[in-house]
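Each in structure tokens, the structures are laid out below.
Two complexes, one shared chain (chain A), two partners (chain B, chain C).
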Partner chain A sequence: MKLIILPLYIINLMIIPFLFMGIIRKAKALMQNRLGASVFQPFYDFAKLLKKGETVSETASCIFLLAPKIVLSAALIAGILIPWSGIPAPQFLQSAANFILIIYMLGVGKFFSMLAAMDAGSSFGGLGASREAYISILIEPILLIGISALALSSGSMNMSEIFAKGFSPFVGVLCGAAFLIAALAELSRLPVDDPTTHLELTMIHEAMILENSGRNLALMEYASAIRACIFLGLSAQTFLRVSPLYKNLPVLAEFIIGIAALFIIGIFVAVVEGFIVRLNWRRVPNFIAFAAVLSILAALVAVAKG
Partner chain B sequence: MFNDIFLGGFSIYCGAAFLLWALVIVFGFISKKSQSALFPILIGAGSLTLAAGAAFGGNGSFSLPLPLFLGGAGFQFLVDPLSRIFLAIIGLVGIAAALFSPGYLHHLRGRVSIGFFWAVFSALLVSMAAVVISANAIVFLFAWEIMAISSFALVASDNESHSVRKAAVTYLVATRAGTAFLMAGFLWAYKLTGSWTFSDWRISGAAAIGPALLIFIGLATKAGCWPFHLWLPIAHPAAPSPVSAVMSGVMLKTAIYAMIRLLVMNLIDFPALGAIFLIIGGISAFWGVLFALLQHDLKRLLAYHSVENIGIILMGLGIAVIGKQINNPLVAQLGLAGAVFHSFNHAMFKSLLFFGTGVVDARTHTREIEKLGGLIKFMPFTTACFIIGSAAICALPPLNGFASEWLVYCGLFTIAKSAPSVIVRFGGVLMMGWLAMVGAMALACFVKAVSVVFLGAPRSSEAERAKEGTRGMVAGQILLALVCVSAGLLAPQILKKINAILAAFSLSAASQNLWTIPMPLFAVIFILTITIIYFWMNVISRKHPARKFITWECGFGKTSPRSQYTATSFVQPIARMFGAIYHYAVHVELTGKDRRHFPEKISAESDYEPYLQTKFYSPLLRLMRKISGLFLGRLQTGSIHQYLLNMVLVLMLLLWVVFRK
Partner chain C sequence: MMNLSDIELFAVAAVVAAVWMCGVTTITRLLWGLAMQTTMIAVIAALHGIEIQSFKYLIFAGVLLIIKAVATPVFLAWIANKIEVKRDKGTGLNPALTLFAGCGALALGYFIAPKIVQSQSGTAGGAGMAIALILIGMIFMLTKKLAISQVIGFLVLENGITLYALTQTHGMPLMVEMGIIFDVLVGVMLAGLVMFRLNRSFEHIDVTKFRRLRY
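Moving on to the complex of A and B:
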């Protein structure tokens, strides 16, 4: 049992994120009637970026160089602690899987990625950081209320236990939908932001990493791939656990089903992105309000059941 | 039993203060050199013993001998676990301030008399220590007033500029109003119990409403929570930085201490206080951080963050009171532990941030963040400490701010899980979301502060010529930064100290293990991961070295520092979102020929009108001025004869009231 789990963590954090990004891109390309790059392209990109030299702005300080390392570490640790693919946090870290710690851990990553974006003194970085801060003010309460609703329904603050014990189906469906909408905003995807554009005025994530290059960029892209897995995987798991069938399965089975669900959500996101356009920036709060309503409803259901 | 260490510490402290006063008052002057060497050493030694006494000393009570008497009651003091936590705060910040201040005062030399500063500063520290150990209401008020007056003198110390004088007067008025409420509440409580001693005050039921509300308003004014916070962002920026640090970090906490002692520990038991604390705390937290986002003056920004953090502490107190009402000791303990621990943590990181601001102010002579930038290259230590302080105030793990906010979150979660009424449970979840939003706004605010002040390129020639603070200034900051880090990692050990307070407060004697996160392990893994990635990147970079080049600006070539994102533009989306609270407006003016497409000059200006001030306090003040013009104007004519007559008349009235039986 334990011997299986260790390689699963490695697959989880080192292979799935790249593959997931590749699948989303491929699905999006197919939606646009393009052939698209291979699903393994993100691996090649990562390897290529690591091999390239790096250009650092003269204005930037050591924060700019340090930030990608901190951002990636925060994402990796959050990725281990959150059971986004169905495997719980490792035994020795089990008690650290408290959901508030995890949300604030993601905040550490955000803090340093915003600082790095402002560090080069470029107004693009500032634009991206400002919007990232704005979006996170809208998203963070939704995420916290949503996970609290799940936690209340299952009776524990520990992420692994929340998903192991299960929660009431109604709360699960509401939260899953809230997380999905919140994830689109948090991950800078359509309709909040278009991840494929550079130098467009709504870009958030891409504007923040405009100044990064080479290995610095590789780390940032890796971290954002993990974050995509975490947020969409959280939604996938919440939906999956609604079904009583997805419970007490062998670890490997839970993992495979979890990853399959993640990929399906990824393809769903790509398909949706094929149909919709980016929202006017000022309308973004109205879109996120859906998620807020869903998560608050979920919380109401969770507390009403007692 | 009472331990000698504590008494020793306190007496050295008082001794130092008296010595300083004697030196200043009796001898009038001391040589400049000995002033700058002797005073900080004395204050530092006193603070050190105070902190040591608080940490390792015992509990007990003592009183000054009888000739020293304050009318209704003697000088009685009581040291218990609650006051020791606050004494530790005073001591730790006192040490850091003693390290930091000499360098900062050097920058103010000529404007602030050093002897006066240290004498008043030591009086402030002594009076704060006396507030948290006073055993009866009269000693409390006595110390409270010395604290208020000495802090007023310190705010007014750099009084050459008009704004400082105005700020000092505003502060004085606010603290007078607060004390008036507090005195009224104390008198009422005395009337109900017939005793000035705090431990005799056991008021409950309907009788408690009056004194509880009066005392709450009086203390809330001092603590600076919404809607009594207006003086805080005016007074704190006006004071010299070490004074702002002590006022914001420590002095506000004395009001929190009094709230815990009088209102939370059930001396005056008014059940609705739980909801009041929680709601006012929630509004304060949001209000403080929202207005902090709009500020461009670094110190005013930090002052608004004090409003925010006091709000979080009040939320903790509210959780404690509610926990007691719903008969859930776990909730009560989480709330109170969160509030006390956050008081400690806020003192540490807020003083640290004010010190950082002090270095920036001393080295660049401006606190306007739009004129700063790129200071990390000139003051690496200050920047590192400021980033640690910012991360702590944003409650990022594994620092101390996270530890205490986590307790507050857990308290709210436990309310949501186990309160009997659905509405209270739902309120608990919503408050968690509220706190998360406040946290995200604090994150935005400190990203703004750190990046605009310390990162990027310098925006003015003053910022270009900045250099690191003196060794003492850096040492003071590093001390507090270390406390921030270690209090985060050693949270369970600090909670053990707080447990003694909880035991006195909680319903069940058995104290639960509140802390469940293995923080040191977590921090080690985090740092290990960073190190591994760091070395991995180092290995790669040997083959492919980095090259320096200008910031990418779409091929325009090197741009000027003015093209950087400003603090105003950084917060603009957020400011616009909450515009209903303060009428946020941006005015853009284009001038020149064919000005739509090729303007010669563009000026943009953002502005906000805080409705609480303009729609509530200003009319109130106008009304008061009108009324006082009608009545008080007749009494206060400026003629000494009439004043003497007034005094005689009032004296006769009082004599008649007392002796008419």
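Moving on to the complex of A and C:
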């Protein structure tokens, strides 16, 4: 059992995130009638960036150099603790898999990426960081209320147990939809922010990592790929666990189905991005309000049934 | 542990459509929401008819579907197109807050319904959803700016009353239900005519500006 599960963690955290980003980019390129880069392009980019030298702003302090490592560590820990691909947290970490801890673990990573963006001293970084902070204020209650509803419905605060025990289908569907919308905002994807624009005043994530280069940038990109997997995978798992069929399967089967669902959601996101345009920045809170209402409804249903 | 029956599930879907309508501002989307919601109620009527094996509920469902879920939204869309209104930004509450108000109405309906419904007649869940629909219709009529969305709010409220009647009183005569539907149809037609006239004489249908007289 343990021998099978160890390589799964490695695949989970080192291969799937890059592959996922590659698949999203490929699907998006195909939607736009372009051939697009191969799905393995993010691996090559990562390897190339690792070999390159770094340019660091003169005004930057040690936080700027330290931040990518902290961001990546936080993302990796959250990636192990959250069962986003169907495999639960390892036995010895079970006691740490409390959902409140995990949400704020993601918050630590985001806090340091914002600090690093402001530390470099460029005006773009500060702008991106302020917008990121604004979005995260709106997203955090959605995640907290949504996962609380799941926890209430399954009767456990442990992230692995929530997904292993299962929850009522209605709560699952509402929470899954809320997480999907929240993930789009959190990962700065299309209705909220356009991930392909460069050097525009509207972008969020790209503006924050504008000053990073070389190894620094590689680690940041890796961390953001893991975050993308965590958030969309959380939504995919919540939808999957609604079905009674996806329960008590062998670990490998759960893993494969989970990854397939993750990729399907990624392709879905890419296809939707082909049809819609970026929202006016002032309308973003209205869009996120839909996710908030979905998670509040889920919480209401969970409370009423409990 | 409460289990949702089919009827309650569709009632919840109708209310979710109504809550969604609170958050959108385009007239077209409001009308889509209204059509979806009325379709859900027609489905509830049909399910109820199948459950108690009564043919009149199936007729009622068909009439509901044709008149209130298709004809009324199409008519209102035609009017909106004719007098060139696209967006209703609302007054007092912005769309995000209206969404939360709709959510609050749903919670209120859900938690007060078991207190006012007699336990043996009908399902408390359906009644709660009906009360939520009525409250959401009232929120619409209070917070929307254009006359056309107030008509939509009235239709949501009317849907709530229909849902309440369907889930609570298991024997409203068919004639009464039909009469209500045709009354609503005539009401919407009249409202449409009034909107035309208003638009011609005021060049807008913004109810917040109607206090000022035109000379």
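By definition in this document, the second predicted complex is superposed on the first by the 306 of 306 C-alpha atoms of A that agree within 3 Å, B and C clash if a C-alpha of one lies under 4 Å from a C-alpha of the other, contacts with A are read in each partner's own complex, and residues count from 1 in each chain.
FYI, a residue touches a chain if its C-beta (ideal position, glycine included) is under 8 Å from a C-beta of that chain, and two chains touch if they have at least 3 such contacts.
Not measured: the values here are computed from a predicted model.
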- Task: Return the chain, chain B or chain C, that is in touch with more residues of chain A.
- Result: B
- Message: Just checking: does A:Ser130 make contact with chain B only, chain C only, both, or neither of them? Give me first, second, both or neither.
- Response: first
- Task: Kindly classify A:Ile226 by the partners it touches after superposition: chain B alone (first), chain C alone (second), both, or neither?
- Result: neither
- For A:Ser95, is the partner it touches chain B (first), chain C (second), both, or none of the two (neither)? first
- Query: What is the contact status of A:Phe170 with respect to chain B (first) and chain C (second): first, second, both, or neither?
  - Reply: second
- Message: Once chain A of both complexes is superposed, is A:Ala291 in touch with chain B (first), chain C (second), both, or neither?
- Response: neither
- Message: So in the superposed three-chain picture, is A:Gly121 touching just chain B, just chain C, both, or none of them (first/second/both/neither)?
- Response: first
- Task: Have a look at where A:Ala304 lands relative to chain B and chain C in the superposition and call it first, second, both or neither.
- Result: both
- Common ground on chain A, meaning residues reached by chain C in one complex and by chain B in the other: 285, 296, 300, 304
- Contact residues on chain C for chain A in the complex? 1-2, 4, 12, 16, 19-20, 23, 94-96, 99-100, 102-103, 106-107, 110-111
- Task: Quick one: which bits of chain A touch chain B in the complex? Just the residue numbers, please.
- Result: 50-63, 69-70, 72-74, 76-77, 92-93, 95-96, 98, 100-101, 103-105, 107-108, 110-111, 114-115, 118-127, 129-131, 133-134, 136-137, 139-145, 148-149, 151-152, 155, 157, 199, 210-211, 214-215, 219, 281, 285, 295-296, 299-300, 302-304, 306
- Task: Give every residue of chain B touching chain A within the complex, in rising order.
- Result: 373-374, 376-377, 387, 391, 394-397, 402, 406, 409-410, 413, 416-417, 422, 425-426, 428-430, 432-434, 436-437, 439-441, 443-444, 446-448, 450-452, 455-457, 516-518, 521-522, 525-526, 529-530, 533-534, 537, 540-541, 544-554, 561, 563-565, 569-574, 577
- Task: Mind listing the chain A positions that touch chain C in their complex?
- Result: 170, 285-286, 289-290, 292-293, 296-297, 300, 304-305
